[in-house]
Amino acid sequence: MSAPYTGQEMMAIATGREVQDGELAIFGVGLSMLAGFFAQAHHAPNVRAMTEGGVYGATPVGGLPWGIECNRISANATSFTSALDALGCLVASGRCDVGVIGAAQVDKFGNVNTTAIWDGDGVIGDRYRLPKTRLNGAGGANDIACGAGRFIIMAAHEAKRFVDKVSYISSPGYLTGGDARSRYGFTGGGPSAIITTLGILRPDPDSKEFRLDGWFPFSSIEEIRANTGWNLKVAPDARAVPEPTPEELAALRRVDETGALRRK
Amino acid sequence: MPPGKLIPLSEAVRRYTRDGMEYASGAALPVGSDAIVFGRELLRQGRKDLHAIFHCNSQQLNLLAAAGAVAKAECGFSGLEVFGFANGLRRAVESGRLELEDYSNLSMTLRLLGGALGWPFVPATVNVGSDIQDRSAFAPDEYPCRSKIATVTDPFSGREIGALRPLIPELAAIHVSLADPLGNTIMLGTEWSRFELSRAAKRVVVIADAIVDTACMRQYPNLVRIPDLVVEAVVWWPFAAWPQSSPGLYDVDEAHMKLMNQALATEAGTAGYLRDFVESYDDIGGYLDIIGRDTVAALSRGPTSFLLDPYRSWILPPEVLQ
Amino acid sequence: MPPGKLIPLSEAVRRYTRDGMEYASGAALPVGSDAIVFGRELLRQGRKDLHAIFHCNSQQLNLLAAAGAVAKAECGFSGLEVFGFANGLRRAVESGRLELEDYSNLSMTLRLLGGALGWPFVPATVNVGSDIQDRSAFAPDEYPCRSKIATVTDPFSGREIGALRPLIPELAAIHVSLADPLGNTIMLGTEWSRFELSRAAKRVVVIADAIVDTACMRQYPNLVRIPDLVVEAVVWWPFAAWPQSSPGLYDVDEAHMKLMNQALATEAGTAGYLRDFVESYDDIGGYLDIIGRDTVAALSRGPTSFLLDPYRSWILPPEVLQ
Amino acid sequence: MSAPYTGQEMMAIATGREVQDGELAIFGVGLSMLAGFFAQAHHAPNVRAMTEGGVYGATPVGGLPWGIECNRISANATSFTSALDALGCLVASGRCDVGVIGAAQVDKFGNVNTTAIWDGDGVIGDRYRLPKTRLNGAGGANDIACGAGRFIIMAAHEAKRFVDKVSYISSPGYLTGGDARSRYGFTGGGPSAIITTLGILRPDPDSKEFRLDGWFPFSSIEEIRANTGWNLKVAPDARAVPEPTPEELAALRRVDETGALRRK
């Protein structure tokens, strides 16, 4: 890749483009937070950003925060409340417009697994059994997936991660597709996009199966299909995702002041 | 003014904890406020078979799990944020030594709220429809599980939503920034779910980085979200959350966060960590020595230290407290 | 720095209120924090048929009811504490001009919490078994009433408890001690249920006795329980709660509390009160004149005024605000 | 009455005697608050007193507070939280040991009416109709009556107030008596005493009907029965209530510094 930007930077910018000005938005740590603050620095100056612990009005200082309550994000907050407030009153209530979550595994209906990986066929089975690899659990992502108006999933595009059916639903996407979500009392609408290291998937409006919507300039339909564990359909209007503009890159790099995204 | 409810850390652990108990920490996200030092003392006194209730995993749960002191745990997030997977907890789960019941970060708070309000169940518009509802490590044969998270029908609309089990832990050991000797406390930084926990638990012990005169509380009563009337005992222990952070008082110790998590990835590493960082001090002075006096000084000069400024003049000196 | 979200009181009422709307105030107990001046402005602009949602009655509801501007009200307490019955509200209820739906002080908070959390109902271990459950002024023919407070069965124990209807008012006009121009606010004194209300209401306007620089909020983020991201507009109006009290800023005006309540006991007295204390000022200066400049000064020197001391240096002067 | 104390003082002291040291206790304004702070000043120094708005650690200054949040009680608080905390987390949860509430009307099972009085036979009837006299509503008293471990009712002893059946139950006592309370999910045990201007009533352990337990030194069984609207039974061990000791009176008068209770 000879582009004047890294794949991580493309992914952060593509995610940030999903966030609109004035929206109430919740970001996790790491790439997700950089994507959110990039949006704020570039095209969404009035985005109302929050973290799930109830830290409001803050922008990170001194580099990428180590965590949602890191001193790097607590240093210039205007308000500290609580998890009940942030995840309950603002997210599960349906007030939050958009959230960004990560995924260790994601399936064709946008269901997310961040809990564990099992041996063998990867399926847990009807009896709960010990996982081969324990991951981080749902955290606030389940709450965002249930409550936020829409949410965006970020994931590394590899066939083992993009599976037909996740082995454990930590955070619900469209479940079995169609209107399956409507059986539950969710206040949120479901995942609007999966931003990957290679491109962007979006759900078919009816079946809710995720289709290829765009490929990053350094990728292709073929590469993406080869790295997807289900038979990925391509949306009729799929196209190459525009590469970062100089303004976007400059804004992102102001936010990513220690260059965390440029190292990869 | 001291002692009031002030007691030594070792005494608090001796008096209020027992093997097999439901032990809750105020653990916030893994880089934030949590009385990790209380967990160290639990290990020093050999407590075991704990049923840990942690809003999120922290280095405390990671350590207790690695050392084999936890039989069951419930939490919403089990990692260490940007520091990666929690190796000690992970090892205990994968080996089957520890049953980890999964919830989400909101549902843990809601369960504490339900315990605080004396409700038999708590409505939830989250967790339903996922394997958090359908699977239970505590009831592995039940699938789809409904004894962990049930459903309830709204009597007004007929709509079905989730119903969570309230939490009423036997003990909560809650980290706070400041406490007075009576048990009034100030938290700097997000409360996370410490407010709800302080009302849900049967007993509350607070562990404060600094002790202030009660006059501080009378000046800032709106900051006193956990007041004396729900607090059983107060422990003074500086850098109680180390290597995690305490906004206003000290920053996260990045090097030790990594060292600790790396050590907890193996049995041998854990034994070494216990020897060097759990069994190795006799008092607060010795504890600050193992952190390193230079590190203590450097972490105290963090970007949030201005948050402590309004309260500094009320901080009681060590000679009054020991 | 101003204006940000700062707008004049008259503009706030013009922009955010309408006849017949569900209007909530942050009304605390009748002697405490409530933006009575917002109610005065509602009357000056002739708003009517309001559906008032007040945690407790205050002189605002007493006045609005006496003036005939309220068709329906829901609250937990309808008196004026040691100042006696609320004559204006009482007269409106007894004449049938106003339907008053009774709850308790906890159930009003719980209903706001339910609205804040997006729940379809809220569990309650209170109000059931009493006429608060069995009787409804809004559904007078239903007895025993179950459309107001229903029951729900706990899916874990089978035990039956109450189920309250959540509140999601169209507008909340919440009194706070201090606000910055962005809408970050500090409440001194008990929150009562203003936190829950600020999350439950579709729109929130805050009315602050004083405006401070945002630097004040960054110094005390834990005091900012209602942050800018839920606030639509900020109104600056000193003595906004008069004749009630605002801890740290001014004490209750005992003489006016009595005068006002006595006036509201009759139609004629109400007309006189509206003439003298509602229609009689053009701006903040004129308002402070009708309170009386000596009274303003005396009430400002109350026993709680030390509570304001930490924030005084950040208070923005009137010339920046008008 | 030639006693060196007033009837109001006797009533406050009798109420205060019900509060034990170390208890978590909730008081309303007026007489109830004075009774509570008298207990703290006299025999219960470690009573954990609170008001329903979430004001903790405060003792009144400058006279009887006008209200629960009056500056006279906000001036030296150590903590301000909220109604959800005080009435919910501490009272409805069952954590509060004892509460004191007032009553405009109380019946033989300790049910309290503070909502309204109706014309005619005083009964509202099966259809909700306009009251003759609107009172203050339930306030926090319903929550205390449902949630506190036990509660004490204070009321002026007059036949029109002490009725066979209240016309509206604002705050539940023992409802229809016996174990009627157990049908509801209450966390609290019910009323333990009615302290009146003339004496003390307590419930029969089985039927839960209130009986005369004690008369104030300036009253009598006859006077109390004559002022009670039901056929008041007298407990076998009923006796004269001991008059205030000099220490009790001194403690009460320190609390009642403006002499509110001495004027009547």
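Here the chain labels run A, B, C and D in written order, and each chain numbers its own residues starting at 1.
The definition used in the following text is that a contact is a pair of C-beta atoms (placed from the backbone, for glycine too) under 8 Å apart; a residue touches a chain by one contact, two chains touch by 3 or more.
Bear in mind the structure is a predicted one, so any value in this text is a computation, not a measurement.
If you take subunit A and subunit C together, the chains in touch with both are B. One inter-chain figure worth recording: subunit A and subunit D are separated by 56 Å, centre to centre, where each centre is the mean of the chain's CA atoms. Put simply, the C-alpha centre of subunit B and that of subunit C have 37 angstrom between them. Separation between the centroids of subunit C and subunit D, computed from CA atoms only, is 28 Å. Among the residues of subunit B, those touching two or more other chains are numbered 117-118, 120, 125, 159, 161, 188-189, 191, 221-222, 307. Multi-chain contact residues of subunit A, defined as those touching 2 or more other chains: 80-81, 88, 92, 147, 185, 187. If touching chains are joined by edges, the resulting network of the protein chains shown has some other shape, matching none of path, cycle, star or complete graph. Interchain contacts (touch definition given at top) occur between A-B, A-C, B-C, B-D, C-D. Those residues of subunit B that touch subunit C in the complex are listed here as 117-123, 125, 146-147, 150-157, 159, 161, 163, 165, 186-189, 191, 219-223, 306-307, 309-310. In the complex of the two chains, the subunit D residues touching subunit B come out as 24, 48, 50, 56-57, 76-81, 85, 88-90, 92-95, 147, 185, 187.
In the complex of the two chains, the subunit B residues touching subunit D come out as 116-118, 120, 180, 182, 184, 199, 214, 217-218, 221-222, 224-225, 227-230. Residue ranges on subunit B touching subunit A, taken from their complex, read 28-33, 55-57, 75-83, 85, 89-90, 93-96, 100, 102-110, 113, 125-132, 135-137, 139-141, 143, 159-162, 188-193, 195-196, 245, 247, 251-252, 254, 257, 302-304, 307. Residue ranges of subunit D in contact with subunit C, taken from their complex: 29-30, 52-55, 61-62, 64-72, 74-75, 80-84, 87-88, 91-92, 115, 124, 126-143, 146-147, 168-172, 175, 181, 183-187.
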